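Both complexes shown next keep chain A, but they swap its partner, so chain B is in the first and chain C is in the second.
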Partner chain A sequence: MASELKHRSEIPLTLPSMTWLIVFFLVPTIFVIAMAFRSADPYGGIGNEWTLQTIKDLGNPNYPSIIWRTIWLSVVSTVLCIITAIPAAYYISKLQKKAQDIVLLLIIVPFWTNFLIRIFAWKVFLHPEGAVKQILDLLHITSPDSLLLYRPEAVLIVLVYTHLPFALLPIYAAAEKFDFSLMEAAFDLGAGKIQAFMRIFIPGIKQGLLTAIIIVFIPALGSYVIPDIVGGPTGEMIGNKIAQRTFVDRNLPHASALSAILTLAVILPVAIALTRSFFKEKNSASIGI
Partner chain B sequence: MKRSRFPLYITIAILVFFYLPLVIVFIQSFNASRFGGTWHGFTLSWYAKLFSDKNIWHAISNTLIIASASTVVSMIIGTIAAYSLYKYKTRLQVVHNIFIYFPLVIPDILMGISLLLFFVSLKIQLGLVTIFLAHSTFCISYVAMVVLGRFQDFDYTIIEAALDLGATWSTAVRKILLPFLAPGIAAGGLLAFTLSLDDFVITFFVSGPSSTTLPVYIYSMMRHGSPSIINALSVIMIAFTFIIIFFTKKLLEVKK
Partner chain C sequence: MNDFLIFDSISKSFGNHKVLDNVSLSVKKGEIFSLLGPSGCGKTTLLRICAGFEEPDSGRIILNGQDITKLSPNKRVVNTVFQNYALFPNLTVFENIAFGLRVSGTNDKTVKTEVYKYLELIQLTDHAHKKPQKLSGGQKQRVAIARALINKPQVLLLDEPLAALDLKLRQRMLVDLDNIHDEVGTTFLYVTHDQSEAMSLSDNIAVLNEGVVEQVGTPTEIYEAPRTSFVAAFIGDTNFFEGIVTEVNEPYSMLSIDYFTDVLVYNDKKIKKGDRVYLSIRPEKFTVSINKPKLSEKYNIVKGKVEEIIYLGYHTKYWVRVNESLVEAKRLHDTFMLDEKMITWGEEVWLSWHADYCYMLEQYKLEDEALLTLPDEDVMAAVETAENEEDES
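And now, the complex of A and B:
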């Protein structure tokens, strides 16, 4: 009787969240993809007829360069996050428990301050009239008429800044569980430091690395505020185009088509990761929040 | 074998990298010059200007209303979702799991634009309600994931034992399940509250003219206002964050 009751209650218990997410997540996502095939009306709304014109317009020479920039900025920032996070996670996980907690807290605390304010801090930091630029000019590292701000490199730095903790935490979580006596064993068997690190430690923290890559790469693809504030016209990413088409040109089908591309680019890696983790063991730590 | 010092240096470099911009903002907030290539003397005028700005207080109250409402809704729905994900291992739950997971990874801008198109097509007036609906959507997923994490240490046989001993289902939930989950639900709620307070991108897409939240207001100040006032606001917000963290830590220590 009890088990019968349990099964009858599965539906009502699943219903609230499922309904909510279908209405406010699935349906809107399908809307976006559908809108990409509608025409734009001249008043900034959505026309009535179906068309492939919007999709064809994406061949416009403007877009491929922005899509390309979005991809390389996301890839390079992910790589930079991962290669700095690995040695740091290695170091932190070998500290004593108390020291680990302190260093972790120091890493997380700046990220409890408002997202916009952290990006704004970089704008102040790199500003042409700011102290950093003036010092670099004095040392002749930069010339007075060059800019630190409003270029793709500035976007890259801030992308790494905002995403590094999200790479660090899952890699640290994996390193913390890693059995360091395996490294000792490798040394005893004659492995060099670098060899042991690359062939024992790195494979040992594979799951953490995978989580870190997903958790950095995907939000980076969809960045909007960072290139908007520190990027300038030469640092624009696909997110900026979506916002421009929505708020400036009021061309909603165009914004939808760009969003649809981005959605597909995001769903693919997530779907791969999700199926992988579902068939392996469920690992709540791997969400890394 | 001598340990390599390289990982230590990287860790120190990362910490410097994390704090340096915040330190600059702190110094600049007291600088009389606007961008401060040079130090024009100590001033508190940016703070004075900040406190005389009425719009900020309106934005703060909007932000708090939305954050509280979406926290409550997401704590309830998210906990129920976590329970069904934990309890049932059916195909429906595999789909359910994917639905819960996606809002966590999808970039904010996609969620923003899809909800904007959705509300506009249904002719729903953009405002506090639409922001609340949008925030609840991602908060539900975060709460569900945090509570689900708590469930992993839960021994379901305790509930079965209670039922065998004659407890009703609602008593078992009230006396066993909820007290056990409480820290997880609280942590999830705290996370939801912070994320709602902090969200800019989604809010920017679904907010109307009179429903400005603090992040949206900060953004418009960055674009059009004086940067020095934002420096002052940043310092206050950072200080506020530190105070909250400090008290939360103290509170947890007392409980232990």
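And now, the complex of A and C:
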């Protein structure tokens, strides 16, 4: 009875965000998916008849390797971001409040430079005639005919660089709320530093970690600008293919089909996780007290 | 000899603030030893030094003959019950208690039998698989105790363990704590600011003030024979008097007290004629009566006028003006004594007390008088503090 009342009062409160999501997310997504089943007209528009031709075209032998690259780049960059962000967040949250504010400001400062300019800076930085490459050549760490730029590793570095603050902020927010007396309790009970960290700190910031993973992994999957500027032909990701289909081939249904796959790939795991936790909560609610 | 845990000249400063100043204490095996003092007296810092969370600037801690001053917290055979419990929110009650065994790599079967043994001790077997946030305050407290005890510490450190609980629960937990102590026999080092907790639970109490040990003794010693004015005023209520010795006899001597009267006192200190001494007389040692009582010459009897009465249920507090001094007296109710019903504001009464109840202090500081409860001009304020004290006891 009480929970029903609570549910009813939640409806008006969620209405604005619900409307927003429906108008700007659900409807466009349905349009994109629907467009994948339309024929393309020769002038870059969309034909009138329904067809499965576009879906069949997705069997293009180029795609598996690009999809595979997109996935591994996204996964590895997410893992690197999280691994770097956890100890950083731990130490930042243990600083004095004033020092914390300064460090946070330093993390946010790069955002005041345009995203594109920062990516171009990386292009200059890694360029074959750039200082870094010249020094590495002189030190015989790299050979003069190798490349730093235009390869998947360059994309990976820049992906990590761009997304690290987005991983750090939610993890920091969780760490800042973490009760560090729990760490003392763990030490007191005989746990070493690493044991206390793994058994108490990591579970304690779980929510921040999940947010960080989602916030890094999803944009990484859909990256377009970064591989376009520093990736070259061997560093292409699915985002570049979608752009090519749209702007070069002028084949909107094909671009839609690729986008739809990307969108579903992102939504499905999240949806599964959400429904599972929803049922888990329901179960524990019916068991508990 | 049987000094089990020794604090040897511990000093500790935070910045310019000296929190502990050359503190030396020794705790016997198996006893409940309390560190009692107002907030900021350094008692929690001393506990944290013992647990290994703080390092003393100088001094040593010796546990069971071993110097543990430099040992890290996870290597010490002491465990702590934290003030806010510090239960791990991501683990169930069972896993919270099992934590110490898990990190030491104990096998599952032993963990299970041990945890259930301690769950039984704290009577929470039915709640084993709940998360801590589903428990009540008292239950959380018991889990924290079991979690600390399962490691079989040589000393269990308790940091104001009952501070977060309400009055009734605190009283119940005191009994529970005492029972648990009887059962496990572990040495308890108990930090509290609540004198009644310390009095009812401890074998020995160390009273701390501003980083200095004021007195160490059994609850009775501390209450009946306070060494300093701080101890006398912090533990229970008292009256202070400043007097000059006029006559030295065995076993009773005579003092002259300005603004009060001449008082016969019991000699337990070395005094000579002309010495300035300070007395502490507990309010309940006075007998308040309307008619002059007939008593032996070992009693002091003086006449005064009632200025303030505070009724507190099982007893009443009177402030009686004797010459220029205001004396606090306490009296238990006895409905058969019609006498007491007639005592009212402005009435003349007799105060009488035995010479044995005048206790001479070794050390007196004027600022400790601030700890005494006096009837304020605003009576309600006095009533309020008196009622708070009531809650404490």
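The criterion applied here is as follows: the second predicted complex is superposed on the first by the 241 of 289 C-alpha atoms of A that agree within 3 Å, B and C clash if a C-alpha of one lies under 4 Å from a C-alpha of the other, contacts with A are read in each partner's own complex, and residues count from 1 in each chain.
What we mean here is this: a residue touches a chain if its C-beta (ideal position, glycine included) is under 8 Å from a C-beta of that chain, and two chains touch if they have at least 3 such contacts.
As the structure is a computational prediction, the values presented were derived from the model and not from experiment.
Participant: Name the contact category of A:N114: first (chain B only), second (chain C only), both, or neither.
Facilitator: It touches chain B, and chain C stays clear.
Participant: A:W68 in the overlay: touching chain B, chain C, both, or neither? Say first, second, both or neither.
Facilitator: A:W68: touches no partner chain.
Participant: According to the stated criteria, A:L21 is in contact with first (chain B), second (chain C), both, or neither; which is it?
Facilitator: Once the two structures are laid over each other on A, A:L21 reaches chain B alone.
Participant: Check the residue A:K206 against both partner chains and state whether it touches chain B (first), chain C (second), both, or neither.
Facilitator: second
Participant: In this superposition, which partner touches a larger number of chain A residues, chain B or chain C?
Facilitator: B
Participant: So, A:A131: does it touch chain B (first), chain C (second), both, or neither?
Facilitator: A:A131: touches chain B, not chain C.
Participant: May I ask you to decide whether A:W50 touches chain B, chain C, both, or neither, giving the answer as first, second, both or neither?
Facilitator: Neither chain B nor chain C is touched by A:W50.
Participant: Is A:L182 touching the first partner chain B, the second partner chain C, both, or neither of them?
Facilitator: A:L182: touches chain C, not chain B.
Participant: With the touch criterion stated at the top, can you tell me which chain A residues are shared between the chain B interface and the chain C interface?
Facilitator: Of chain A, residues 187, 289 contact chain B in one complex and chain C in the other.
Participant: In the complex, go through chain B and note every residue touching chain A.
Facilitator: Residue list for chain B touching chain A: 1, 4, 6-8, 10-11, 13-15, 17-22, 24-25, 28, 34-37, 76-78, 80-81, 83-84, 87-88, 90, 92-94, 96-111, 113-118, 120-121, 133-134, 136-137, 140-142, 144-146, 148-149, 152, 160, 163, 169, 191, 194, 198, 200-201, 205, 214-215, 218-219, 222, 227, 230-231, 233-234, 237-238, 241-242, 245.
Participant: Under the definition above, what is the set of chain C residues touching chain A in their complex?
Facilitator: 51-53, 72-74, 78-80, 82, 84, 86-91, 99-100, 102-104, 130, 134, 147-148, 151
Participant: Under the definition above, what is the set of chain A residues touching chain C in their complex?
Facilitator: 179, 181-182, 184-192, 195, 199-200, 203-204, 206, 288-289
Participant: Under the stated contact criterion, what part of chain A meets chain B in this complex?
Facilitator: 2, 5-7, 10, 13-14, 16-18, 20-22, 24-29, 31-32, 35, 46, 84, 87-88, 90-92, 103, 106-107, 109-110, 112-118, 120-125, 127, 129-134, 161, 164-165, 168, 187, 193, 214-215, 218-219, 221-225, 229, 239, 242-243, 246, 252, 255-256, 259, 262-263, 266, 270, 274, 278, 284-285, 287, 289
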